[in-house]
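Okay, handing you the structure first.
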Amino acid sequence: MPTTGERTRSKRWILRWKGHARKWLLQIKRSNLQWRTAQERGTRKSFIHKGSFHEAVAPVLAVAQCFCLMPVLGIGGSSVRSLHFTRKSWRFWYSCLYLCSTTLDLMFSIRKVSHGGLDVRSVEPIVFHVSILIASWHFLHLANLWPGLMRHWAAVEKRLPRYGSYMERSHPVRRIRLVAFLLLSLSLMEHLLSIIAVVYYDFCPRRRDPVESYLRGTSLHLFEVFAYSNWLGWLGKLQNVLLTFGWSYMDIFLMIIGMGLSEMLARLNRSLKRHVRHPMPEEYWTWSRTLYRSIVELIREVDDAISGIMLISFGSNLYFICLQLLKSINTMPSSAHAVYFYFSLCFLLSRSSMVLLLVSTINDRAREPLQLLRLIPSEAYHQPEVTRFAAELASDQVALTGAKFFNVTRRLFLAMAGTVATYELVLIQFHEDKKSWTCSVETFD
Amino acid sequence: MPTTGERTRSKRWILRWKGHARKWLLQIKRSNLQWRTAQERGTRKSFIHKGSFHEAVAPVLAVAQCFCLMPVLGIGGSSVRSLHFTRKSWRFWYSCLYLCSTTLDLMFSIRKVSHGGLDVRSVEPIVFHVSILIASWHFLHLANLWPGLMRHWAAVEKRLPRYGSYMERSHPVRRIRLVAFLLLSLSLMEHLLSIIAVVYYDFCPRRRDPVESYLRGTSLHLFEVFAYSNWLGWLGKLQNVLLTFGWSYMDIFLMIIGMGLSEMLARLNRSLKRHVRHPMPEEYWTWSRTLYRSIVELIREVDDAISGIMLISFGSNLYFICLQLLKSINTMPSSAHAVYFYFSLCFLLSRSSMVLLLVSTINDRAREPLQLLRLIPSEAYHQPEVTRFAAELASDQVALTGAKFFNVTRRLFLAMAGTVATYELVLIQFHEDKKSWTCSVETFD
Amino acid sequence: MPTTGERTRSKRWILRWKGHARKWLLQIKRSNLQWRTAQERGTRKSFIHKGSFHEAVAPVLAVAQCFCLMPVLGIGGSSVRSLHFTRKSWRFWYSCLYLCSTTLDLMFSIRKVSHGGLDVRSVEPIVFHVSILIASWHFLHLANLWPGLMRHWAAVEKRLPRYGSYMERSHPVRRIRLVAFLLLSLSLMEHLLSIIAVVYYDFCPRRRDPVESYLRGTSLHLFEVFAYSNWLGWLGKLQNVLLTFGWSYMDIFLMIIGMGLSEMLARLNRSLKRHVRHPMPEEYWTWSRTLYRSIVELIREVDDAISGIMLISFGSNLYFICLQLLKSINTMPSSAHAVYFYFSLCFLLSRSSMVLLLVSTINDRAREPLQLLRLIPSEAYHQPEVTRFAAELASDQVALTGAKFFNVTRRLFLAMAGTVATYELVLIQFHEDKKSWTCSVETFD
Amino acid sequence: MPTTGERTRSKRWILRWKGHARKWLLQIKRSNLQWRTAQERGTRKSFIHKGSFHEAVAPVLAVAQCFCLMPVLGIGGSSVRSLHFTRKSWRFWYSCLYLCSTTLDLMFSIRKVSHGGLDVRSVEPIVFHVSILIASWHFLHLANLWPGLMRHWAAVEKRLPRYGSYMERSHPVRRIRLVAFLLLSLSLMEHLLSIIAVVYYDFCPRRRDPVESYLRGTSLHLFEVFAYSNWLGWLGKLQNVLLTFGWSYMDIFLMIIGMGLSEMLARLNRSLKRHVRHPMPEEYWTWSRTLYRSIVELIREVDDAISGIMLISFGSNLYFICLQLLKSINTMPSSAHAVYFYFSLCFLLSRSSMVLLLVSTINDRAREPLQLLRLIPSEAYHQPEVTRFAAELASDQVALTGAKFFNVTRRLFLAMAGTVATYELVLIQFHEDKKSWTCSVETFD
């Protein structure tokens, strides 16, 4: 409760601060200008750690292109202007070929399944194929949108406050690449383990030759129609590897998008956190509000492009988790199978959780500014721009969605965990009635 | 952050824009006037594609009247003024007769069911009859409200911004008719398939004559009371056809209402999207706010009239989906039955999803203006009308409801899908325990 | 979009309207004064239909006192000032005696149950006794609060706008009494049916004398301890009647409170609906805002007093519905049992739904003013009082609660119905697997 | 609706009130000053009941340190400045030792479980060990943060309005200690009961010596690896006691934090309740808003520190409740086991409910100011600070969270109770089908 003396002092303080703040804004402008000039003059080398999302994501997209996804050109270029999409590239036709072969594979699977009984367990290969097919189609469509999307992204990135240091600047890039390659390696490891489990501990061999037996087992749905031949077996295996990678890649891609978008919000929040306790001129608030708005617009545009992939990723993860839990109540034929099974289950669970947590960070970061605005001192709060910013933040819900059906927030984690746990409990119930309170005398003599 | 020079320039720009905007408003007024004059002078022909909901819905209502629903007069008239409802028309008495015969049919069904054991599976015909009976009663009541409702609708439609081109204008009408007749044809096809499945692959024939056997099977509840006679059999079949159509028509009607209402909001949104980034005079905002408000009022009025039908439609769809899934775990007696069964299940699932998605579009469209208001530039935002519009949008929840018990939004889809999936999983659980990890040697020799 | 000419006209209109409105406010004041004078002079007769909640509820409380609940004095008095609570009245001691005997009865029940196996079905009498015991204790506590509560209620009622006509005024009173006595009669009928089902179709008689056999069956938990004697049998039956009534009365009482509170909000809404489209002076908005606030304060006070009863009522209803559904899958020993069972189930379901719907009306009515404020014309909206009223309405959630754990709104209905339906579906699942797609040849010859 | 005469009177009244209010603010300042002076001069004795959270929590932390948790130094000091954390204290190493031995114990448990079949029931010891291990690690980390946290807490506490009397001041301290020691005693009692149940009614003794048999049973996982020796048995028992205490302590700690934080909000609310109906100067509102904000900031800081413990506590409680209910459907080997089992179940249920209710009080208290602001009279409401306070309160959600996944509010109680009840109902369903409507003739002769 300031006295009159305090009040004049505080006014003087505000004036001084406003001066400082105006200088700060000029500095931002000037440094942004310098930045852009530097950018135009720089060579490729100097950009490696400039922290742009386009550069961070390049190797991840390159890997995807090896596996027939995202056929966009110019991903290695130093600026977003090099990105383009054309139907006249071999990458596009490579992806189309992949789509065709997957469709074919799917048809053979449907044929096989419909000959057996049609139930939830047996539709596993159909769900697997269909979800990857739709996702691949989405990735092809996304490749078309990607150049425009990245240009919008780069335009928003340029307006963000600059990083303080080289370390800070290169941190998000390194983080994105680390997550991507960690996940890719684990995915590879899981696939190798599955081969080991099947080849070396084959409990019902189909042929004496282990390679033939393995290839036959992998593509049973093909060899019900065609006679066995080695090249068809290897082709089926190749298709299987591509599908498995495609399935993991969905999640990896979503994680990276989530990290990229939440980093932008985090940079804005850091700026707000620094300035929020001091009276700032209205221009600062206009700047931060419009910046926030343009990030939100970008998030919505990204969401329109990837929310289909999101829905498929979440849906298929949930389905496979439930299916694995259903299998977990059976005894394993060998310990190699047990190791593979539990590794695979853990990998699936942690990958699904990571997607959810990394994508939901966007929502967490987007709600932070509202808390920060609460800390603005009274004398600086009652500006129309601050009131507008606060009102907009209070009624906004910013998050990536699953085809607009659900928002990806931390709350979703609990809902999904709850669903899985309920299912697991019901499942256990049918196997557990007789075991309790019995005396297990083991060492009595 | 504009300097003083920029500010004067921006002011001049605003003034120029305000001039433009005022001209635009005058133009709207004038064109609306022309429109109305044209409307009064025009012949029936010139209206076919004027895009009014009344004209779009006319053939759909005409079909309904063939099946004893919605006995309102003047649906083919060129303007809403021709609509009226009277008890002295044969259509009204035709509907009443239908209600009576359905009630009678229901009673015979109850008699039959109560003689067997009373459980959830066996109450299927009762649920079917009761839901259609209540819906028919609702349609009769709705026919009474329809003329007033359509007049209100037409009044709001007149206030909407005009379409840009002939194509744009005729698009919603064609879309509504396409959806309606697609659904009607699929419904017809499903009914024919059911006849084929029963007649040609009758696995337990009741009589040697296939027609008699079929008619007897359709109206078992009648022939437990009365001796068999051909005319009664055909009467029972007619009643069965009317019921089946009524059941599908509920959903079709709701889809059309959903499309009509969301189109109105979409037209307002298109206007907002064009003007939102430029400073507009306060009159523009008053105009758009009151227009939005009158659409919302119309939505509430429509909701009061049809929310009962909505509840019955959603409830019965959910019940029949669960019931079909319950049946799906049994083996089919013949492949004709299997084809019919899976076609019927897919039709049911896609029809239910379509109702939900088309009706929930209203909610999506109604939330869009809030996002658009965020884009208004600072110098144009701080007008009382804009603030009021934003505050009202932030706290409003606009959607059709199921008897006020639930709002029909995209989120509901997930909730319903979750319920069905949980049920399906529990169901599978009791049939799946023994099948896993067994070696299925098929090609070993 | 008004021109300048229109604007001056609208201003003149506003001024004229403000004059009218001020006159209206004076009229309200004057008529309220007359009302109060009349009230003080009137005899009991003239108040019978004055529409106060105190008078409406009097006969319902009188019935409750016959069954040892709500021992408050002066409920028949013409004004709320006659209400008081004292420990020196026989009604208080009568209630205490009832609490003691119920506690005793509960102990015998616990003794009986713990001798059998302890499971969810067998704890039915314990749940029944405990829920009524707690509710009775709550009613005793409520009797203490009742005089203060009713005085607050009457004070708020006096501030409400007057009814238009005698009919309108007496309508809520008649509605409250109708609901109460309808429910009481149905409850009585259900109890008589239960006696008939047991006495006349006793499928395992305990004694040859039907009266003895019946009394013995009613109080099995007593006659396991004491030898049979007629007077103890009749005492046990009396206790049983009192418990059954207490259980129904909980729901009836909650319905009446719900109707009373929502009627107050409805009266305010009617006044708002009349005046909202015209520019009203700021005093009108202060008046309606403070009136709304005082109704909300009253609702909170009532909620503090009865939310315990609400929780017990909803919990026990849900428990008994699930239990009845569990029983419903067994075959009935006789058709008298079947009639009683389905009547009892329907009564339970409809009573539970009615409580929920009538109490949730409060929430519906409390959200209506927000919609009405939307219709205020621009020139009248930008007054501080209207803005304040709108902001408070947008962030308020007004509803009675179940011990603050849940708000009683229409949405709760769906949640509860969903819970019951899920339970029912799981339940059916275990009894339905074999019955489908079998050919039921009945008339083949 | 005040006339002009009333208005001048009300203005005079406001002026007089403002004078009073200003005096009141000066008084607060002065008394706060006196308070601080007194605090600096006082001896330890005089602080015992000064009502600071630091003093209230001291004995509870002391008990925790006996059981190797929270190794922070200076908890008995008279002021928060005495608190510090160092790695060079024996308490820190004692905690580390405990972490190591728990890890070792966990490994032996995993070894034992993996030799048996891996299912949900058998993983009980693993869940128990892992949850306590993570919680202990969290407590060690919390000990590091504790001095800073308590200094922040004390700083906020100093800004709160003073208590009215000595009684009021000492009440929260006594309440905190009462709850803590009640819970600790019950926890001890439950452990003793478990020993009695096992030792005296050992239904399958492993050795003739009851002590050896008991120790062997407690640490079965150790004696599968090592030969039996008395000192190892006692060590295993010690570890078991520490684990059991750690498990209960989590909940007790959370309760105390919940009580401390909600008491702060309650003190602010009491001040608001006193002043809200009178026009107060803007300074008062700035004071209460910033005070509220600083409490919220403290709550967020506390939440960051303890939300991990919260998640583990809620998760493990839910798991163990479901597990106990699963066990409850088996018959008990002896009545000693039954007594222990039901005591243990009740203790678990009531402890879990208490944590939830006490922690959710924070949320209830934090929403109260919004209701109080509604009561501000018109002439005092339209100050920018009041509007800001109201807008912030309307859009804030203040609550402790479980690792940000869920907010701990009263609504959570219903969700958890619902989950447990659903599980229980499904469980009962499989054991109840045959028992209904059978005639249990017991006294017929």
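Each chain carries a letter (A, B, C and D) given by its place in the written order, and its residues are counted from 1.
The rule is simple: contacts are C-beta pairs under 8 Å (C-beta built on N, C-alpha and C of every residue); 3 or more make two chains touch, one makes a residue touch a chain.
This one's a predicted model, so the numbers in the text were calculated from it and none came from an experiment.
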Same or different residue numbers at the subunit C/subunit D copy interface, by half rule: different
Subunit A-subunit C separation of Cα centroids, rounded to whole Å: 50
Rounded Å distance, subunit A centre to subunit D centre (Cα mean): 36
Interface hub residues of subunit A, defined as touching at least two other chains: 329, 331, 391, 394-395, 422, 426
Contacting chain pairs - touch in the sense defined above: A-B, A-D, B-C, C-D
Interface residues, subunit D side, partner subunit A - complex: 25, 29, 117, 119-121, 203-207, 216, 223, 283, 286-287, 293, 296, 300, 322, 326-327, 330-333, 384-385, 388, 391-392, 394-396, 404-406, 419, 422-423, 426-427, 430
Complex contacts: residues of subunit A adjacent to subunit D: 1-2, 329, 331, 364, 370-371, 374-375, 378, 381-382, 390-391, 394-395, 410-411, 413-414, 418, 422, 424-426, 428-429, 431-433, 435-437, 439, 441, 443-444
